[in-house]
Amino acid sequence: MEKERIVSMIGKVRKEVPLVHNITNYVTVNDCANAVLAIGASPIMADDMKETTDITSISKALVVNIGTLNERTISSMIASGKKANELNIPVIFDPVGAGASAFRNQTTKKILENVKVNIIRANLSEMSFIAGLNVSTKGVDVSKEDERNDVVSVAKNVAKMYNCVAAVTGKTDIVSDGEHIAKLSNGTELLSKVTGTGCMTSALTGSFAGVVSKYGEYDYFDAACAGISAMSIAGELAYKKTIESGTGSFHVSIIDFLSKMDEEMMSENINIEII
Amino acid sequence: MEKERIVSMIGKVRKEVPLVHNITNYVTVNDCANAVLAIGASPIMADDMKETTDITSISKALVVNIGTLNERTISSMIASGKKANELNIPVIFDPVGAGASAFRNQTTKKILENVKVNIIRANLSEMSFIAGLNVSTKGVDVSKEDERNDVVSVAKNVAKMYNCVAAVTGKTDIVSDGEHIAKLSNGTELLSKVTGTGCMTSALTGSFAGVVSKYGEYDYFDAACAGISAMSIAGELAYKKTIESGTGSFHVSIIDFLSKMDEEMMSENINIEII
Amino acid sequence: MEKERIVSMIGKVRKEVPLVHNITNYVTVNDCANAVLAIGASPIMADDMKETTDITSISKALVVNIGTLNERTISSMIASGKKANELNIPVIFDPVGAGASAFRNQTTKKILENVKVNIIRANLSEMSFIAGLNVSTKGVDVSKEDERNDVVSVAKNVAKMYNCVAAVTGKTDIVSDGEHIAKLSNGTELLSKVTGTGCMTSALTGSFAGVVSKYGEYDYFDAACAGISAMSIAGELAYKKTIESGTGSFHVSIIDFLSKMDEEMMSENINIEII
């Protein structure tokens, strides 16, 4: 039931082609744009204060990613976030590396204080930081499963704290709106060997969130599940296809499968349990 | 006749290896550099005021692209543009997203007021904005064919207004120097599903423009036709090769075919009509 | 003997997964991150003054690359370099385009004056500039073998001047610690047709340097030889595999082979002579 609803979102994205405004990092920005295009949405990257709210205003979703944080763009992130809130445009937040430096911690807090975010997509270290737990982060791309912190309770707590959907990606991905829990079990460990797979997941989630308001039947919980599933399924299929080649080919193949993704491919492969 | 002249430029680029200075966006910059290398030229990316005119001075062409516009680089764009004018180095302008925000509109105007550009390469929305028509742009990567604006007259008008070559890429690409019109009918719609194919077209056009001054037989009209044709033909061939795979492989294959492009490949595939 | 020691480093990198802090350019940053991941290390890109020393502090190596130099990041490069010196974290310096503009020349000098670098990885033009010789650089990606400057003596001189390891990459790569000389003869000319292969070599060298302090048996000379060999061997194997396709596939295949690289692959292919 929920599975069918989530899977059906991809048809809506391909039909509506929502414009997705990304304020993101310079490491993975090209992959994010190509992932958004591959899934059927339309990306726009703009981060200067002189235009960022104008761009947000014409978009269907805003994705804020702090991967290569710098002072110039923080004010853009907040201004665009506020504009999105004002216009009921969904805001997806990817707190890359939260826990790794005081600057990222402060910025993460500042964004959450000033902007009502609808979906937070993070690894366990980053989400644990937001939940107020002690964390040690080893780089922005590495999410060490931390046995001390129970993933489900971290996601649920953050969802309640910020009245949002919290999506923790890892070996098993956990999505919570504070009440419901989705456990998503697609993916491959190889996804951690290509930079930007987390950022792409957030950008894809933004693409799905871009059709939420138009179709009353969906909510942000669905969008997060769809974004994560699209990435994880593409990763699984790419892994099978390129296992002999290596991570360069795997990287390319992820985009290939995202561009071929349809309701049938998602439906056949999705491994989701909703509690 | 013109076809042979245009096609022959690629041999000159591979022989001369012109240095092409790009002041461009951080989304597609890697692809632009690799496209320039693939076609046989040499890319240099530099945008800081402290060196931008030095870099322009040693280059054979300057490509200015406002894809991820920010205040820091606008002054570099103008300073390098003026330096290029002073030294008779061709200037190619890609007004990415003109029409999408007041900031992009103002910057586009500012560049055109301060720099004599030799070639403008844009989609129809962007070129219509420059022509002074009303436009609604939906993102920087999406060029919606606008039935209201006749492409040929837009290109011709802009060419006359700015005494330059105006190249409007779309389903059919139109190049005009204000007098002549080239209609180029290569390409595939899939090119719009990879970010940066427009930016790469501008960077390739810069590569061809880099041999214009050396070989008196060519002009900017030829360079624009050659740049667009190289990209469109590579796109067509890549499309045929990767149709089963997806847009990740398509993206890679575009660079592959650019790197294999020679007079024979261009001559066999080019679909150009000059009026 | 030395060959076995150098080759064995890759096992250590894959075991230790050193965190490698890169302050680098926006052209090739994605490739650098993916190369570091492919070889088994963990990349982190951060360049804002508000966090750069925090990130350096948790890293095992710092790679400073001036590819798209701008005023904002120079102070970060120096602050992180000083922090790395303080904490005995190895510093790898890639003076991209030194010799091409006064700004790059001044910055190169400023970094070398303020930071004790352990490895300089450069092409011959750039290293000749550091050696105080007259150079003319044609772009940042092009290393013209300059017959006037003897590569070995340039490397040796720079190594002595800065009490560091100097690695000059070109047709034959030369590494010197001021006393010993390694001549590395892997690679393919096609590596110069993909942007960022030099930057990736520096990032890989950083990955190997990240295990030097832990394993007393290695030094920076070994790390530079291992970084260069990994890249050159991946390039050779990728060239053989993709010769029919073009530089897009070659680019992808380089990452593929880096991700498959192990002691056996290195040992079978490495072509090194130490004098």
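Letters A, B and C mark the chains in the order given here, with residues in each chain numbered from 1 onward.
Keep this in mind: a residue touches a chain if its C-beta (ideal position, glycine included) is under 8 Å from a C-beta of that chain, and two chains touch if they have at least 3 such contacts.
The structure presented is a predicted model; accordingly, all values stated were derived computationally and were not measured.
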Turn needed to bring subunit B onto subunit C - CA fit, degrees, nearest 5: 120
Same-residue or different-residue interface between subunit A and subunit B, half as cut-off: different
Computed distance of Cα centres, subunit B from subunit A, in Å: 33
Where subunit B touches two or more other chains at once, by residue number: 26, 30, 72, 251-252
Subunit B - residues contacting subunit C, complex: 17, 19, 26, 29-30, 33-34, 37-38, 42-48, 50-51, 54-55, 58, 72, 251-260
Parts of subunit C lying in touch with subunit B, wherever the complex brings them together: 25-28, 30-31, 67-72, 97, 100-104, 138-142, 193-196, 245-249, 251-252
